[in-house]
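The following pair of complexes shares a single chain, subunit A, combined with subunit B in the former and subunit C in the latter.
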Partner chain A sequence: MEKPDLLYSPPPHLNSGDTVTRAMRDVLLALVPIIIVSIIFYRLNAIFILIVCNVTAACTAWGMRKLMGKPHSLEDLSAFVTGTLLALALPPTFPWWLAVIGTFLAVGVAKEMCGGLGWNLFNPAVFGRVALIILAPAFVWLNADMAPLHLRFGIIDVTSGATPLALLKLGQGQLLPSYSALFIAHPGGSMAESSVLAVLIGGLYLLFKGHINWRTPVFAIGTVFALTMLLGSNPFYHVLAGGLVFGSFFMATDWVTTPITDAGKIIFGIGMGILVALIRLYQAAPEGVAFSILLMNPLVPLIDALTRPRKFGQIVEARIPVIRIKTVSK
Partner chain B sequence: MQLFAILLSGVLINNFVFARFLGICPFLGVSRKLETAIGMSMAVIFVITMASLISWAFYWFVLEPLRLGYLQTVAFILIIASLVQFVEVVILKVSPVLYQALGIYLPLITTNCAVLGAAILNIRESYTFIETLTNGLAAALGWSLAILLFAGIRERLELADIPAPLKGFPVALISTGLMAMAFLGFQGFLKGVLF
Partner chain C sequence: MERRTFPGGVHVPHFKELTEHKPIVRAREPKRIVLPLSQHTGAPCEPLVREGDHVKLGQKIGASEAFVSAPIHSSVSGTVAAVQPFLHPALGREVLSIIIDSDGQDSVHEEVRPKGDYASFSVDEVKRMIREAGIVGLGGAAFPTAVKVSPPKEKRIDAYILNGAECEPFLTADHRLMLERPEDILYGLKVLMYAVGVQNGYICIEDNKPDALREMRKVAANEPSIKVVELKTRYPQGSEKQIIKAVLNREVPPGGLPFDVGVMVSNVGTAAAVADVFKKGLPLVERVVTVTGHALVDQQNFQVKIGTLFSDLIDQVGGYKVEPGKIIMGGPMMGIAQMTAEVPVIKGTSGILVLTRQQADWGEPSPCIKCAKCVDACPVNLLPVFIGGYAEREMYDVAESMNALDCIECGCCAYVCPARRPLTQAIRVAKWEINERRKKRGKK
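After this line comes the complex of A and B, so read on.
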């Protein structure tokens, strides 16, 4: 891959050592706590889905780039980040053929067909998850045909029941788990929803490493908290249950598909939070984090254009009319 | 509340581009630059709203009393065509720069399915005058929202390293499809609370 010549300041230069590979490796490291929690709860099921998604992601990225005549780019690890993120956004007993289709759509269509790493318009993992939700009716026949091939690795010691958000929706508040259980570890839903604590550890690691900005997650979670409280729901459950924390730390801070400017990041977070709250409270579906991020993604070029910072020394036209003193040339 | 539901439905849920797939031609043609997209949006907002109102009046005061409902399509096309001619003359006079920028696409709205679609949908849903006004405006606003969002994306797509067979319209259509999938997220709002 040819490297564009990006140096534009006078020397001397210090090499920070930051590369795409390194950043991606840090994201994968940040996901380790969530993976460990998933494996503790779901044993081999979690490992199996993770392997399926990662292998599909790698094969799709390699195959698509081969078809397009580009050199393969597996060493930048971005395909594995997408694969792992998507796997963690799925429930542990998710059918593996759907996981394959979702990963293919994520890496193949949403990423490689739109120009590859750095050019994708939508977060690939979020797109894959949403595509699986939307296309579910189209897969009914496939599920019927493939059902005998469904693999289950041991019995999961989890009661399969409604997720906390679904309980909240149904008005069965007495069945809800405690805040502390939800925060530390509560199985159910998709794998990344199990433990807010694990997600926070990973998120803080990324913050510490300087890969993500605190603005988007803080404003996204804050907006959901404030809105659900104003609209008469329980804000603590809306923050602790579901994929909000995972989505806002790992999906809404994607470098490619979110605004570059600080003001833009805040707008993105608030917009996402509003959509999450509205979808959760006013739609039939109990969860809307993935849709919210996907709906905010096409707004990013406009947000960036509107929040472009002032250049050093640039004079902004004064909003207040300035009285100009006419000088008469002699 | 009913009017709000129509407005929301037209702009977000049954978006003309993303849900009904109407008006794709100008959507792809004029979305290369933000400025032309804004100009086109203005033209479309004006044309669709006016066309909705005039075709509504024409249908209920002329075609329906004369039992000529089957002439609906022909009559509407005539009305819309003359309306667009009128808009074209006005823009040429008022802003020649905008006229230059819009180029071929302004006369193209004449035969555009989005305008005709809005007019026919108003009749089919048997909306009242105010509802027709709201629906026409909502359809046009939804179309404008789509093209404004897409113009921003389009400027990025022009720079991306996309293989030759996909460059230009193919990748634009793929991105439109991806955006349409994102807009499906609004689908549940109608069933949830509004109706």
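After this line comes the complex of A and C, so read on.
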């Protein structure tokens, strides 16, 4: 018998066939319904922003890795997930130069400069979105200079009208759209806010595929609902309007920047929900989903350390968990 | 009917269709056998024969005085060709082995004769017979059965679980045994229960083997003390701690053994081997081996004489269909990769699996995305993402503080990892390093 050239390694010898690329592809697929709704509402504007963000994301990821002497990793599709998520978190008429800056900060700074996929502390898309909100005043001059280059594709029905959450804040409840309109499809705000239903379809797809855990979105949305009701606001609008459902299903379930334990996922969801409700009700800003997620992100290592599961066969002693944060040098 | 299971684990495609409907056939008589003197957990045996000696089938050719050990018997009659080191399929290094050229006569040793009814012997006599017959656990770990059925006196044992889960993909040796020799399995369980003195026996089978469940239920129908339990098909259902959790809802404490929760677990194959001791007088000289895998021309369940070379069995199914990528002793989740097919079947060889290059080559791992699939899959509630990560960076102290030593090496984490990170592999290395350091510390 001839001697075959055999592979030799410890077990297991079988794998599920899953890859990171396939998981990322599933996330992009899950975004298709909300992309379709956005395109129906905003036509070429939506397509344009999506292309701007994705092209910028790809170029940034490629360029940054080149600069750092790492092999490119575009095939893992994570740059496109960030680009698409950020685009959907923007209003359709958002100036394209700001979208470029935001995407660069998301992919270049929040992700690649933190070590690339898997190493980032902050959700890149959320980081980009929040950076744009905070830095907006700094770009007033740029907006003036760039104004002639602003592109508009056709007329949009509802462009500068106040979003439902802003109306709620201003006490103009009579102008609010119906629950069902908000749930099924209603233009206004960022693209991802245009249909709760479309976002949910995508979220359920990810749940079905086993890519995300139900705990984070359920506890995030549940907390916002309960807290806004307790604090005397209309909980239905707080859930249906704004970016809560989108943020809960697509941002708060980001693998890299959220807890790995089941208990940790619940804590993350509740913490995020509390922050969303407090920001919306007591801060000047009408919306706070992105801020809340960004504030929860750096707590993740702590949450993971606190929620280490009980060892199999271990008898649990009722005591306050001791936080042990190990700084290890190697 | 209630089906029981355990938390965690993964669904693995089982690939058992390759051999599950193929009856056990006797492999052709090997011309030469290789019997390593260490085929079990515990002290290796000393050879009792020398080059040139004539041996008979069933003759004891290796033994040890140590408590944790099991003697080794010749599976053929013939002449000892050499006593020399030979590559061991489980240890991956050369181990002193007895090489015997078969004369093809199968002349049986005088001591091989039916022992008679087990109940006519004292418990100690039964244990001694089990030990003398060289019986070890046939599920893979090859722990001497006589030692297992002699737990410390202070432990109260109230249940004996016979493990017929066979949760490893590809393997069907236990499945076929349950279909073809259910009475022997039942008889073996009764012997083991008698030896330990327990009243409750459980024969546990995954629900992907409905025919085996039916057969075992049929023979166990008149045994009020023995229950046949249907388990959900889920890997690693056949792991000792998981099967105890599933059947009795008891959790073996970290670092503990089944007897700490009053349970004994043996494989169905072990029970059949015990039955052979009493019914035929035959020591452990043969076992059922599933020879399978997509890289082979054919797949088969063989009754194999221990010591037969893998290459001999691979030849008997027609050899390789495509270039083999990996030859594994055991199943794909916990089996041991081989450097060559020129290694012998030992007592713990449940299968010979040959994967294609495509199946065996995982490609380069990509960065961990912390998706936590490994956390959800871990049946002992560990955080493989962290332990594996620290292990890869050789930070074994941190890995130890994350309970690396509690890992049962089932392979679920590496199986589900979408980044194809070698988690289980890294944790195994960490466990080894941690144990080495502990040993060193103990010496100082």
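In the analysis below, the second predicted complex is superposed on the first by the 296 of 330 C-alpha atoms of A that agree within 3 Å, B and C clash if a C-alpha of one lies under 4 Å from a C-alpha of the other, contacts with A are read in each partner's own complex, and residues count from 1 in each chain.
Note that contacts are C-beta pairs under 8 Å (C-beta built on N, C-alpha and C of every residue); 3 or more make two chains touch, one makes a residue touch a chain.
Every value quoted in this text rests on a predicted model; they were computed, and no experiment measured them.
A.B. asks: For A:Met113, is the partner it touches subunit B (first), subunit C (second), both, or none of the two (neither)?
C.D. replies: Touch status of A:Met113: first partner only.
A.B. asks: After the superposition on A, what does A:Ile260 contact: first (subunit B), second (subunit C), both or neither?
C.D. replies: second
A.B. asks: Pick one for A:Leu121: touches subunit B only (first), subunit C only (second), both, or neither.
C.D. replies: A:Leu121 sits against subunit B, while subunit C stays out of touch.
A.B. asks: In the overlay, answer first, second, both or neither for which of subunit B and subunit C A:Ile184 touches.
C.D. replies: Neither: A:Ile184 stays clear of subunit B and subunit C.
A.B. asks: Now for A:Leu294: first (subunit B), second (subunit C), both, or neither, which partner does it touch?
C.D. replies: Touch partner of A:Leu294: subunit B, not subunit C.
A.B. asks: Taking the superposition on A as described, I'd like to know which of subunit B and subunit C A:Ile51 touches: first, second, both or neither.
C.D. replies: It touches nothing on subunit B or subunit C.
A.B. asks: Quick one: classify A:His211 as touching subunit B (first), subunit C (second), both or neither.
C.D. replies: second
A.B. asks: Please tell me which partner, subunit B or subunit C, touches more residues of subunit A.
C.D. replies: The partner making contact with more of subunit A's residues is C.
A.B. asks: In the overlaid three-chain picture, which partner chain does A:Ala166 touch, first (subunit B) or second (subunit C), both, or neither?
C.D. replies: neither
A.B. asks: With the touch criterion stated at the top, can you tell me which subunit A residues are shared between the subunit B interface and the subunit C interface?
C.D. replies: In subunit A, residues 116, 119 are touched by subunit B and also by subunit C.
A.B. asks: Note which residues of subunit A are touching subunit B in the complex, please.
C.D. replies: Counting only subunit A, the residues touching subunit B are 68-70, 109-110, 113-116, 119, 121-122, 127, 130-131, 134, 275, 278-279, 282-285, 288, 291-292, 294-295, 297-302, 305.
A.B. asks: Tell me, which parts of subunit A touch subunit C in their complex?
C.D. replies: 1, 3-16, 18-20, 22-23, 73, 76, 116-119, 210-211, 213, 255-256, 259-261, 304, 308-315, 324, 326, 328, 330
A.B. asks: Quick check: in the complex, which residue numbers of subunit C touch subunit A?
C.D. replies: Contact set of subunit C toward subunit A: 10, 12, 169, 241, 245, 251-254, 256, 311, 314-315, 319-320, 323-328, 332-341, 353, 355, 357, 359-362, 366-373, 375-376, 379-383, 385, 393-395, 398, 401-403, 406, 409, 411, 414-420, 422, 424-425, 428.
A.B. asks: Per the contact definition, I'd like the list of subunit B residues that touch subunit A in the complex.
C.D. replies: 34, 148-150, 152-153, 155-157, 159-163, 166, 171, 174-175, 178-179, 181-186, 188-189, 191-193
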